[in-house]
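Input: structures, listed below.
Below, chain A partners chain B and then partners chain C, in two separate complexes.
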Partner chain A sequence: MSMDASAVHALFFYFFAAMTIVSALLVVLLRNIVRSAFSLFFTLFGVAGVYILLGADFVGVAQVLIYIGGVMILIVFGVMLTHNSYSVDMFNRLGTLVMGTVSAIVTFTIVYYSIRQVPWLLSGYKANVPTTQPIGVQLLTNYLLPFELASVLLVFAMVGAAYLIRSEVRPGKERAGGSERKDA
Partner chain B sequence: MIGLIGHVTSSLAHAGPLVRLLVTVVIMLVSAMVVLAVALLYEGAATYAERKVAGDIQARIGPNRVGPYGLLQFVADGVKLLIKEDIIPFYADRWLFIGAPYIVFTASFAAFVPLSYSEHVSVADLNVGVLYVVAISSVVSMAILMGAWGSNNKWSLFGGMRAVAQIISYEIPIVLSLLAAVILPASLDMKDIIVYQSGGLGIFRWLVFNNPFTFLSFFVYFIAAIAEVNRTPFDIPEAESEIVAGYHTEYTGMRFAFFFMAEYGDMFVVSAIATTLFLGGWQVPIIGGLSMPVWLREVLEVAVFFAKVFLLIYVMMWIRWTLPRLRVDQLMDLCWKYLTPIAFFNLVGASVWVLLLHGRGVYDLVAGLLIH
Partner chain C sequence: MTILPITLTDYLILSGALFSIGVFGVLTRKNAIAVLMGVELMLNAANINLVAFSKFTGPGVDGQVFALFSIVIAAAEVAVALAIVISIYRVTRTIDLDKEDTLKG
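Moving on to the complex of A and B:
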């Protein structure tokens, strides 16, 4: 594809960029909290598209798998379990509006200046260069400690979750829920 | 198809960028339409086959009125679904309700893209093909939840919750079994994986026969995949005797058909993945080693690929009409207490096997013994 693909590349970039920005705006501007949660799907999907356009196919696909297949579902479940999520009105009081604007401006400034500071490596469009193997090699050599720490953290989270939802076991009694299950 | 785009655009080098852009977009659209047409035709045929298989197993006749042997039944059904009244419940969340079927269908259809149908026939040869299919299938669960919530119906919501819990749970044994197979070819590219399985009369070097762990992995994958596509005995998300029709209770006409077609599309995709990873993909058995014209080889390869996929789909139908539905707790027990530990065992075992024997499979070992 190389150079000839640049026009298509640009077209897809603007498509995904527009998708990301519009849906991100919808996430914060919609008044219906469930719709907000679902429009996050398009934001995450657009970001995955940008990753893939940058030649980071593994990261792009992992973005879809983890953020849409996992985190997104978790957020939607969380929103659905919110009390009265049908009629929660996302009303911003003046105070939160001011605070939100200030923090948005500060964040934008920080991000903008850090983008300007970094000497970006403009390697151009590289499709079909496998990235999976180099990522795996790096994770198991140079970045082994952070990788292991992240997995230990995840194990903590899993054990913690299992501990929180465990059924109470009292000595000499059936497991809670055990008798119900037989009837059902 | 990407190769084709590169070929055509480089031959149009003298043309302006706008022409090249247009040509590329047209090629992409046409290839998408071709895949869509094939997928829809398959889905039509699959609904017919499902009813015939069901009829066979339950000693009934099945469709036999429309066309010879009832073959045109699916066309009649399609027309019926198209002209049915499109009902949107008054209290539904219109955006979510309308959006969900499109996302479900698109995601299920997008999973057809990286499949390798023969040595030269594929839409896009992705480096991360296997992972891409797993990822894009996980979009389906989000869209099911979207439709379930949008319907504003308790049965829909129950069905959606069940579907998501089931799909997320069964993704773990699925990914682990795929991983146990993928470590041998050391690639996520569908074509590389199939090429790795060449030789051995086109049969014995299939990954399913490579070692005991991949053999087990195939069955773990296939069981979990049936659950992933929500088919009986794992169809609690749409269990009609409990929750009407689950997440698509409120959908009518074409919107319902989108969910329906997505289910059959998913069946094809999971069978194609099983074929690609474990059953040698488009490797032509026995006569594959002979020299033959390219077109004949391609035709044979496509035929072999589809034959294997349809065999697996037949097995899914057979299971559906034979076994009763599992309860929710049995379903979760099967996933977390049986399939997931077995899948972990397979992954560790297959890794050790690869390390100790440097990727040689049972066939290579036996052949090596016979030669010495």
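Moving on to the complex of A and C:
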């Protein structure tokens, strides 16, 4: 019975891992940035599936809500707002392409052999329990200060982003009577 | 054929592969938004690591809390980065990173 469960777990892991890796490769290899962006949807869904497999239900749902519901929408908007440049060649020159490939392969090789060699001190596989309540308790006790700082950071980021993309002076008009003309 | 049970090592290798793909995207793309997508891949790889270590070591959910903070900060980062990209686009009419080599407004 437990062998069965771990086999099913392995099958789901390989499914989500393949989904994540294949769509991530498409994200970095496709020439059309709109297709890249939609491939990133599948990568983020695959990562959410990996979180669920790891018993992190709350983080998985947060991944779906924040990444897929928020970040991806922002990225698609960014792609659309800068639309005349998504048909240009997306890749750098050949030299950069070779250097990028070499860097990625070297990075993966180092990480792979490091992971294989380290004897991880594991304290056992924890059973899957609901994590929402312990996360909530942790956020309001041990991590209260980072929690509040994160909300302040989010406000700063939103205000800063809105400030950065406000329309102040139109490109054609000079700032002749700028002081009395508030942008409407 | 028997299927080996999935351990921490498998999750870490998945995360390392995702990170390497992100490195490739960041280093080779010319489009600023495509570079941002590569950064997102690398952030997700780091989050997989946090959640996997939280699952396989120690009691408690500290790793998951860290992953949540990381997701929040990634959201803030994307909002600000896209605002910068769009305001650069308004000035120069391009988001080709090879052409953004000046600090002139």
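In the analysis below, the second predicted complex is superposed on the first by the 123 of 184 C-alpha atoms of A that agree within 3 Å, B and C clash if a C-alpha of one lies under 4 Å from a C-alpha of the other, contacts with A are read in each partner's own complex, and residues count from 1 in each chain.
By our rule, a residue touches a chain if its C-beta (ideal position, glycine included) is under 8 Å from a C-beta of that chain, and two chains touch if they have at least 3 such contacts.
Computed from a predicted model, the values in this text were never measured in an experiment.
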item	value
Touched partner set for A:R35, first chain B, second chain C, both or neither	first
Chain B versus chain C as contact partner of A:L145, first or second or both or neither	neither
Comparison of chain B and chain C by chain A residues contacted	C
Contacts of A:T131 with chain B and chain C, given as first, second, both or neither	both
Partner chain(s) touched by A:G100 [first = chain B, second = chain C, both, neither]	second
First (chain B), second (chain C), both or neither touched by A:I73	first
First (chain B), second (chain C), both or neither touched by A:L11	both
Overlapping contact positions on chain A, where the chain C interface meets the chain B interface	6-7, 11, 58, 62, 70, 77, 131
Of chain B, residues touching chain A in the complex	2, 5-6, 9-10, 13, 17-18, 20-21, 24-25, 93, 95-96, 99, 103, 126-128, 131-132, 134-136, 138-139, 141-142, 145-146, 149, 164, 168, 171, 186, 188, 327, 329
Parts of chain A lying in touch with chain B, wherever the complex brings them together	1-2, 4-8, 11, 32, 34-35, 38, 41, 45, 57-58, 61-62, 64-65, 68-70, 72-73, 76-77, 80, 127-128, 130-133, 181, 184
Interfacial residue positions of chain C with respect to chain A in the complex	3-14, 16-25, 27-31, 33-34, 36-38, 40-41, 44, 47-48, 51-52, 54-62, 64-65, 67-69, 71-80, 82-87, 89-90, 93-96, 98
Chain C contact footprint on chain A (complex, rising order)	6-7, 9-11, 13, 17, 20-21, 24-25, 27-28, 33, 36-37, 40, 43-44, 47, 50-51, 54-56, 58-59, 62-63, 66-67, 70-71, 74-75, 77-79, 81-82, 84-86, 88-92, 96-97, 99-101, 103-105, 107-108, 111-112, 115-116, 120-126, 131, 134-135, 138-139, 143, 146, 150, 153-154, 156-158, 160-162, 164-165, 171
